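The same chain A turns up in both complexes below, where it pairs with chain B and then with chain C.
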Partner chain A sequence: MTAVLTNLFDGIAYGMLLFVLACGLAVTLGLMNFVNLAHGAFAMTGGYVCAVLVNQFGWPFFAALPLAFISSAVVGIVLERLLYRHLYTRSHLDQVLFSIGLVFMSVAAVDYITGSQRVFIKLPSMLEGQFDVLGVGVGRYRLLIVVICGLLTATLQLVLARTRFGSRLRAAVDDPRAASGLGINVPQVFAFTFAFGCGLAGLGGALSAEILGLDPYFPLKFMIYFLIVVTVGGSSSITGPFLASLLLGIGDVAGKYYVPKMGPFVIYTLMIVILIWRPNGLFGRTAMR
Partner chain B sequence: MFVQARKLSRWMLGAIAVGTLALAPARAEDSFKIGLILPMTGGQASTGKQIDNAIKLYMQQHGDTIAGKKIEVILKDDAALPDKTKTAAQELIVSEKVNAIAGFGVTPAALAAAPLATQGKIPEIVMAAGTSIITEKSPYIVRTSFTLPQSSTIIGDWAVKNGIKKVATLTSDYAPGNDALTSFKEHFAAGGGEIVEEVKVPLANPDFAPFLQRMKDAKPDAMFVFVPAGQGGNFMKQYAERGLDKAGIKVIGPGDVMDDDLLNGMGDAALGAVTAHIYSAAHPSQANKDFVAAYKKAFGNRPGFMAVGGYDGIHLIYEALKKTGGKTDGDALVAAMKGMKWESPRGPISIDPDTRDIVQNVYIRKVGKVDGELYNVEFETFEAVKDPGKVKK
Partner chain C sequence: MTAQADIGFHARRHARWHAGEIAFWLLALACAFAFPSRYLIMTEIVRLGLFALSIDLILGYAGIVSLGHAAFFGIGAYSAGLLALHGIINEPLLALIVAGLGAAVLGFATSFLVIRGVDLTRLMVTLGIALLLEALAERYSDITGGTDGLQGIEMQPILGLFAFDMFGRTGFFYSLAALFLLFLLARRVVHSPFGLSLRAIKNNPLRAAAIGIPVHKRLIAIYTLAAFYAGIAGALFTQTTALASLDVFAFERSADLLLVLIIGGTGYLYGGLIGAVVFRMLQELFSIITPQYWQFWIGLVLVVIVMVGRGRLHRWVLWAPNWLIARLGGRKAAVAVPETEGP
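Up next, the complex of A and B:
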């Protein structure tokens, strides 16, 4: 029984991590209708910034985390202003080709600067190890991930659904022309949203170094996971990708634990079944736009 | 216009080809070309960089002229993809007319080049890849790295002798992982040990958590681990996070996991892991101390077992060329390499005259702190181990 709970916990932590990494993609893809395969590159940026600050400059881990967010967001906003905005109106194929090119460039750049070996972030000792809650092993670091990601999700949902900025964003997405006619600065809203999504990815990258490993190939290796989260969850809300991440996280961990021989296939099978059942994702809009 | 341009370029290519042909014999007289094929980009790039560094270091120390021949190294990147290895080898042999090919970061790369070495009748020096069968694929292959059964059988024997009775295994699901697993199981079971759990992890594996939980629940005395070098750090961190060290489950395995290249970044989680391997940067010989000091001075970091494979590989080529008196004929070179013995930074090694595979000491080491840094400290030696994969036959 305790093994079941430990697995459930590990699955939730893994799912939460996937969510923070991928939710920026859900925003750009779902809300801004832009296929950004280079999303992982922003996650990697955050991860490396955090690693350099902690390992080489001796910053405390918790101080470096916000910096990971900020640096990825800044890189995001610069690239958005310089490159991305020219592609908003182009076809999806152009966007895919552009962003995949960006991925390869980021891989080569990081490889050149830091070398291709894996990077680890030195964690404070209070985050290491596990403690027992009624016999269930709870990893401290994983607990931290669950808490941070849980808070982020709640905030995101509130911002999107309840605030003025949220409604502006939704208006800008649904009908950019009408929205700008009403005095909403559409490019600014998009730029801000894009940067925020990148920042989240950066934070996710910093958090995931410990669990997923961080090397220059990060954006390529995990691209498929991000895409699974977004396709399964549907990209029209935050709840969809969130539940999809949890489902994938728990499914992946349980699959690897109970049927290790089949383990890696479990999440792909899940994805295929869900997409046959609901082609637009669990929470996708029922009709194509 | 287009057709004309194409014709023109073909004509030019032809001219260049004729030009090279005319030049080639003159060059071949006084130089010895080595085509070095390594993964310089991609996930295995650290292997390529170490070997390339080690060769540069060796040539700095020993000069670039041997028996009247000037040694020329031509480096090609194959990113550890066998298709690219093959193209690179073809290009090197056919247009560059190299006298030997060397390197090969992974097994599939070494295998892809094997038929070309046979056809071209030139030596193929394998400096990294570790699957047992490689040297059987061409009579021109000579290996200076190691084979996985070499270290895996030894750790199996060592485990049963040292009171480890129940072992759970966690290995990456690809050829070297399976090689390591089979040879370990054979020797461990022969000594009366019991495998209580066997898990094969996919090669591209993001999170070890569920597999480690399974290991923990199986309650073995130790777990046998083989994952590709780059994943070792993540593995050890999660091993400690899950408290397997406190549950008294030791980590044993072939030494790839504890590569000197990465060991220091793993943190104290790695302390106490016992592995069997052919090289540790902490090997206490003078030859090794000099090698490590020179390598650190030149490249700023610690050499790992891949660097030693490259260092010995180029040494082998130098010595063979000396022995043939500058004769560059492939058969003569391979014949000269057979049975060659020397003192490597890893300890005494030789080339088995029957299998062209390396014979070397395998050391049992435990991760400990030396001058505040993590090292594999050797504490037991199994001398002159041949590749068990071939001894059987």
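Up next, the complex of A and C:
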């Protein structure tokens, strides 16, 4: 019984991590309808920045996390202004080609700079090991992830639902023309959102080095997971992708634990079935344009 | 001239063989004799060309974007490998067709999933199917050989006459013949009323349905046909290299394939073939510059192509030949300008 609960907890931590990694994509892909397969590259950027800062410059882990966020966000906004914004109105095929190109470039570039081996981030000793809560083993690091990601999710939900920026973003997404007619600077809103999503991915990348493993092939390996979160979760709210990532995380951890031989088979089958059953995602509200 | 007769006239004129096309194939055949030491790489190009031709059928003519075309390539590759390994069908030609049919069956079965939904769903479903097959191939490693791949495949002579030699001479002519025959078939198909209806569907599915085209049936048919082609390409891969490993299903293969087709241009059949030549040469060039990191440059090419715009790029490339034709022939350009994609 406790093994089940431990697995459940690990699954939740994994799912929350996936959510932080993918929620930027939920905006670009889900809301702005831009097929960005290169989202994992931003996560990888953050992860590597954090790894270099901690391992080579001896920064404390907690100080490196914000920098992971910032560096990814900066890379994101530069690329958005330079390249991405020209492609918002182009066909999906163009967007796919472009972002695959970016993925290939990032993989080769990181491989060139740091080598192809897996990178580990030195964690502070207070995050290692696990403690028991009512007999259930809870990893300290995973608990940290749950706390950070939970806070982030709550903040995001609040920002989107309650603040002025949130309503601007929702307006810009629902009808960009009407929104710009009302004086909302739509490109600016999109650029900011894009950068913020990239930053979150970078933070996720830094946090995930311990759990998912960080190597130059990260963007390719986890691309499908990010896509699953967004397409299965739907794009109508932030709750959809959140629930989808929790499901995916718990499902994946449980699958690996109980039917290790089936590997990722279960996840892919489930994804295809769900997409056929509900093409707009499990929690989708409107048709994806 | 009535509108209908007019369209028929144009369709027939497009369907006729042009001098340029005949020259293309003569050139391909000439290469075989001009570079006798390069059979292996030329076989690779022919195989890639066939694979790209297959995705051109669905992307260029029917407008289906697929990220998982390697699924069919892989099925073809493993079918041919298993057929030869266990001596089920020893005749390579027959095994080739059977492998293609195997891929076609999978294509038919999955087409029902693919034709549903919008671009994004299609991307995800095709990608998912390829990943699924890769996971399956890894799982059943007792059949597929897992990460080591199928080993010890020995090919019998084709038709009992032409044995595969170590220089790849037989393999090359075999692949080229297969490509040419399948190209003829594809050419016939896309210039038929069936092919024209596909173009109508690509341009506007709703309107196509309104004028009485059975959209779903047509898409299923072309998807199955494309799967057959990809299966043949995969089987050629196994037969000419005596190898089949997990990477036949890899995502990179599907992604590279899109690049091949985009380099050559979609929707006029030769795009895949020209793209295969250019892609392979680029790959060689990049491996010479930076052996391990050629993928970076491939990625850069993709980004540049998209940023410049595919239509514009093809106009630039075709500018010189068009200018020449206009000068020499004193008539308007006859070189087909590939159509650009709609949004």
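Rule of thumb we're sticking to: the second predicted complex is superposed on the first by the 282 of 289 C-alpha atoms of A that agree within 3 Å, B and C clash if a C-alpha of one lies under 4 Å from a C-alpha of the other, contacts with A are read in each partner's own complex, and residues count from 1 in each chain.
Heads up, the rule we're going with is that a residue touches a chain if its C-beta (ideal position, glycine included) is under 8 Å from a C-beta of that chain, and two chains touch if they have at least 3 such contacts.
Owing to the predicted nature of the structure, the values given are computational and were not obtained by experimental measurement.
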Practice task
Could you tell me if A:139 is touching chain B, chain C, both of them or neither one (first, second, both, neither)?
Solution key: first
Practice task
For A:102, decide between first (touching chain B), second (touching chain C), both and neither.
Solution key: second
Practice task
Figure out whether A:182 sits in contact with chain B (first) or chain C (second), or with both, or with neither.
Solution key: neither
Handout entry: Partner chain(s) touched by A:4 [first = chain B, second = chain C, both, neither]
Key = neither
Exercise for the section: Quick one: classify A:257 as touching chain B (first), chain C (second), both or neither. Expected result: first
Exercise for the section: Please work out whether A:63 is in contact with chain B alone, chain C alone, both, or neither, and reply first, second, both or neither. Expected result: neither
Practice task
Using the superposition on chain A described above, determine whether A:117 touches chain B (first), chain C (second), both, or neither.
Solution key: first
Exercise for the section: Return first, second, both or neither, reflecting whether A:147 touches chain B, chain C, both chains, or no partner chain. Expected result: neither
Practice task
Kindly list the residues of chain A that each of chain B and chain C touches, one partner per complex.
Solution key: 108, 111, 261, 263-264
Practice task
Spell out the part of chain A that touches chain C in their complex, as residue ranges.
Solution key: 29, 35, 83, 86-87, 89-94, 96-98, 100-109, 111-112, 220, 223-224, 227-228, 231, 261-265, 268-269, 271-272, 275-276, 279, 288
Handout entry: Of all residues in chain C, those that touch chain A in their complex
Key = 59, 65, 67, 113, 116-121, 123-125, 127-129, 131-132, 135-136, 138-139, 251-252, 255, 258-259, 262, 290, 292-296, 298-303, 305-307, 310, 341-343
Problem - Sites on chain A touched by chain B in the complex - result: 3, 6-7, 10, 14, 108, 111, 115-120, 122, 128-130, 137, 139-141, 210-213, 215, 217, 221-222, 225, 252-257, 260-261, 263-264
Completion exercise
Counting only contacts in the complex, chain B reaches chain A at residues 41-43, 45-46, 49, 199-200, 202, 204-207, 209-211, 213-214, 217, 230-231, 233-234, 237-238, 240-243, 261-262, 265-267
